[in-house]
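Please find one structure pasted underneath; my questions will follow.
A, B, C and D label the chains in the order they appear, each numbered from 1.
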Amino acid sequence: MSINVAILGATGAVGQRFIQLLENHPWFTVAEVVASERSAGKTYIEATNWVLTTDMPERVANLTVKPLDGILDSTLVFSALPSSVAKDVEAKFAAEGHYVCSNASAYRMEPDVPILLPEVNAGHIHLLARQQEERGWKGGIITNSNCTSSPLVMALAPLRKFQPEALSVVSMQAISGAGYPGVPSLDIMDNVIPFIKNEEEKLGLEPAKMLGAYANGQVTPLSMTVSAACNRVPVIDSHLINVTIRFAQDVDKADLYTAWENFVGPDPVPSLPTAPEKPVIVRYEDNRPQPRRDRDAGGGMSTVVGRLRPADAMGGWQFLALAHNTIRGAAGCSILNAELLKAEGYLDSVTEVVATKA
Amino acid sequence: MSINVAILGATGAVGQRFIQLLENHPWFTVAEVVASERSAGKTYIEATNWVLTTDMPERVANLTVKPLDGILDSTLVFSALPSSVAKDVEAKFAAEGHYVCSNASAYRMEPDVPILLPEVNAGHIHLLARQQEERGWKGGIITNSNCTSSPLVMALAPLRKFQPEALSVVSMQAISGAGYPGVPSLDIMDNVIPFIKNEEEKLGLEPAKMLGAYANGQVTPLSMTVSAACNRVPVIDSHLINVTIRFAQDVDKADLYTAWENFVGPDPVPSLPTAPEKPVIVRYEDNRPQPRRDRDAGGGMSTVVGRLRPADAMGGWQFLALAHNTIRGAAGCSILNAELLKAEGYLDSVTEVVATKA
Amino acid sequence: MSINVAILGATGAVGQRFIQLLENHPWFTVAEVVASERSAGKTYIEATNWVLTTDMPERVANLTVKPLDGILDSTLVFSALPSSVAKDVEAKFAAEGHYVCSNASAYRMEPDVPILLPEVNAGHIHLLARQQEERGWKGGIITNSNCTSSPLVMALAPLRKFQPEALSVVSMQAISGAGYPGVPSLDIMDNVIPFIKNEEEKLGLEPAKMLGAYANGQVTPLSMTVSAACNRVPVIDSHLINVTIRFAQDVDKADLYTAWENFVGPDPVPSLPTAPEKPVIVRYEDNRPQPRRDRDAGGGMSTVVGRLRPADAMGGWQFLALAHNTIRGAAGCSILNAELLKAEGYLDSVTEVVATKA
Amino acid sequence: MSINVAILGATGAVGQRFIQLLENHPWFTVAEVVASERSAGKTYIEATNWVLTTDMPERVANLTVKPLDGILDSTLVFSALPSSVAKDVEAKFAAEGHYVCSNASAYRMEPDVPILLPEVNAGHIHLLARQQEERGWKGGIITNSNCTSSPLVMALAPLRKFQPEALSVVSMQAISGAGYPGVPSLDIMDNVIPFIKNEEEKLGLEPAKMLGAYANGQVTPLSMTVSAACNRVPVIDSHLINVTIRFAQDVDKADLYTAWENFVGPDPVPSLPTAPEKPVIVRYEDNRPQPRRDRDAGGGMSTVVGRLRPADAMGGWQFLALAHNTIRGAAGCSILNAELLKAEGYLDSVTEVVATKA
């Protein structure tokens, strides 16, 4: 008994990652692949330049790609659409009664749409009720964050109680964050590109919302000052960020380590199939985390932190955080969000339908 | 009429860079190559695994490598020794009357030894008198900074007048900074190593001394709080640093740009053969400086800055600076330092000797 | 009920790979880690600079490293020693009654030592009897091939029946083939090194022996003329080889494809735990195999071939073959060899001992 | 007194290289930059995403981009157009009286169009007369070869006298050969792509024509059997090729070395401004040529050969050759071709015009 799902933007790099991660998923089965007009009507294998290092699942390879403006059977929809396209398409499906778990940025900053990172803000899911009420949607949209916000927020969540007030982030981000074809090799080999369009702005907005408190259909963003500098480095997967932070409260090193070590998400998050055993893994070596050696921690779903030390220039602390940008920072997080949807009962009726079909 | 020079540690990566940069130098000729016992007695070409991309100069290839404990004819000596060896060897040569322009860290923080960056602190050269007086040396030692301090200090020097008080630096450093064989490829391909031994400590000490004021045989370090985080990235040459800075004075963007654009070194520095036309080059594009595209600016002797913008988290400003680590950050700077030595008359007697020889 | 094993050279890169691959092995348990004097006496975690991307297994981390000249309890011994050391150490252990599955080249070309690639030449294992008879060893040595011979021989084995007579190989080999620290990043970034010491010679000898016929304690090498050119490329894992081959028999494309597609090892090889489902995987796309996208095929134990086409210049055929150099080309193959040892009864007495212990 | 030139396709990667190499050229001045409709009318700096590591020449930056279907003043035209566009555009300009030095493949295999590599086949330039006669063009087209044919043909030219009869080439080609944006970084980092569209076919045709004899308006291709395998590797510039060759004549190693060492182009080629001192440089080390260390030999215009040794599998010899693909293999060769045009008098009338202007 499994729930059928659809993937919007299935032929792109993030779409492929959805398909890869959903292969053998205990609850969900990819039943529909959806893409732009250029691909619609072809089989998935014909329409797709598969760029991942595992083989395309055979069952999906033979699915026929559906158009974005058609009807979908699956209530649960994952969106790997570019944001420009996502705006209209995701709204249409949400209105029709689908639950869209979106990796696009189009709706992230809408006040009635959650940016879910389940261990951190599972309660924000209740914004869905407001979407249905105010927008008249039968379904709804939940988003996951920008791929750099993800390790930042996961590392900060356990430290919220010390009241962060200022935050400076310097990122070293993987090429896969730009999708495919994405970064030209002539730009990045033996080089760093110290600029990623719109990325620094997102770091100024998304984390504060994600760490905010939910009450009465409203998320109140955490108040903190954020500066960000984003760099693209010649690394295939996973974003490494250098975080400098000042807290309102006095804390010492042990407080911070303890907060990280003890961090777990609220029930039922830890028992969801895609949730890692430890959302935050602390490394105590001098030279960790490293992108290639730490990105697969917790199946790519954990955030690895390390090198905690005082940062006198800002009167605070400095540390590193790393997460796999196309797993926890994109498709993997969307899947975990969907698992939370189901655990919270949003897909209950769906299950019955599928069960009947089977 | 040229001055003969010796290279200590001539067979290593920095030693090779000295030899490459001194080929065709208008004032200096490499006459002696000096290395450890293992190499002494061999010709330079036999003793050296040449790793640069230009060919080994033929004349130098046939020189016989001299031992570190022997006698040298050249008054002017460049040192590319590892710091552990430099301590004793450089002192010995300085005592004997040689002027040692050293790339090693051994003497940098000695109060009577300058860390020279001629455009910034040419006057520190007068510490040589104190060395001769207090240590009884007939010659002396001048050092150049750590290769990451170099772009930092060059970018800060024009801004000194605004009174920097706090400074947070995150570096992305090239593999050549670790010498040869240096960084194993298995550590750095598709990876970032977020730690470089002793590097962050050096950034806490060297820039303050370099930016300090000289008076009466004493350098008073600039008072500022420094935090540093150093990363090794898969880039061959040049270090890129993200600088966040708070000034005591109120400044605006135009003040900072103007200070950089108008910056020149004091006479006679701009007319020295190795001095770049512009010590600081400002790039106004969104995505510059980049290591591969900017490292050769000014023949590798300029520092390229860019992406200036407010950094609210620290109540100040944020920008990037980049310099070629093995040219301006090492051998090139030592050569410029030696040119200053000559221009200031320290090598006057030497020139005559060589002239007589010729 | 598991068989205890020892790893010689356990702290190096290949030794680490043995430990990684044996974690969760159904038959074998790493009970002893053995290394040079410098490491002996320390715990494994203290003695080792772990370079793999999965974590060090906790149980092994706490083992105390034993010296190479001591006594070992495990009958089954894996050797990841450098060849210079392997010569004496492996012989000593073989003499004492251990079965040494060696990745070193020291004994490969000895006439009484097999270079085992089980799907290809499982019968060569019977050379062990000759070792015991002629050398008086109570145990014996079996080796696996050089990491470039491995994909070559696996790709050729199905084609043996067409009588290969001339073979030209151009390799593009991964940096991990040189161990750790191995290839300096300054040599290989943005570069190819068109030379690997002794590698071309090994390709001239090992494949012919491996493809040879066993009879009466003797392996008769396959007669074929081999030319080889070996290149190091900036790839982390897996060797890609371009093979040009001329057969004595007339063959067409379909013959070659069919031979590859139908290839399986002799019983009991296909049922051994580490044997891949398909030893040879044929890719029909224009641009495969590729190192990053194909190295993990069959858990790193399959050889992937592709781009078969006529090679008129040599009057034959041209194709690509690829295998994971540190799995199938090193530790993984040794483990499969050990599984064959057990399946053939060489370790029968051992199992009982262990069973008693448990 | 300089000759004005136009660059077709000036905004692309090869067009940029033309502009870079022509800066400070003693004979030619870039007076017109020409590109597709999308760019026409803008200044060059507005229209261009400059990807080279030297700065855009200021004078060219301010030129207004002209459309491909307009009138050009310059008699001498360099073409960096894609082949699909080149077919019509180059013919139009040739018909109108321009001499087009083209890097495109569109006309290379036309029997009346030379593929010029001046040191090798300067005489092929006389095919221009046939173009004018048979096609009625007032000007004409000369092409340079594919960037992989270039080092192959340069290395073979000195060996022509030994009668090559079979040739097997395996290339390792730089990413810049695919232009910009060209190869996605996600395809090539930590990878090799063993396929380059149409490249192997070109190696089967171009070298034979280039090495052919010219007589009576006709080039008779050299008769030899060619097999080729082309690979893309993570290298920025320069193609390295492994060449296996069988000669009809008996030769020994010294014959081949001598032929290379003594090779010079026919007069007036060696005295042309862009001609390297040595068209073929022999390296005798085990591990050369290497892309990063040898690509700038002779200012990027020399071909570096090495590792000559017997190749028994083909009954011949094996060696490496390397050349800079975007200098000698593209724009640099076109410029040398244009210098030959001028030296042969084809631009005589032009010089007068320009002289009058000045």
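Criterion: a contact is a pair of C-beta atoms (placed from the backbone, for glycine too) under 8 Å apart; a residue touches a chain by one contact, two chains touch by 3 or more.
The structure displayed is predicted, hence computed values, not measured ones.
Novice: Of the pairs A-C and A-B, which shows more C-beta pairs in contact?
Specialist: If we tally the C-beta pairs in contact for A-C and A-B, the bigger total goes to A-B.
Novice: Which chain lies the greatest distance away from chain C when centres are computed from Cα atoms alone?
Specialist: Centre of mass proxy via C-alpha means gives B as farthest from chain C.
Novice: Could you tell me the distance, in whole angstrom, between the mean C-alpha positions of chain A and chain C?
Specialist: Taking the mean C-alpha position of each chain, the two centres sit 40 Å apart.
Novice: Measuring from the mean C-alpha position of chain A to the mean C-alpha position of chain B, what distance in angstrom results?
Specialist: 44
Novice: At least two partner chains per residue is the criterion; list those residues in chain A.
Specialist: Residue numbers touching two or more other chains: 189-190, 234, 236, 292-293.
Novice: Can you name the residues of chain C that touch chain D in the complex?
Specialist: 166-168, 170, 172, 189-195, 225-227, 229, 231, 233-236, 240, 242, 244, 246, 286-293, 306-307, 310-314, 318, 320
Novice: Write out the stretch or stretches of chain D touching chain B in their complex.
Specialist: 52-54, 189-190, 292-293, 296
Novice: Using the touch definition up top, name the residues of chain A that touch chain D in the complex.
Specialist: 13, 51, 175-176, 180-190, 234, 236
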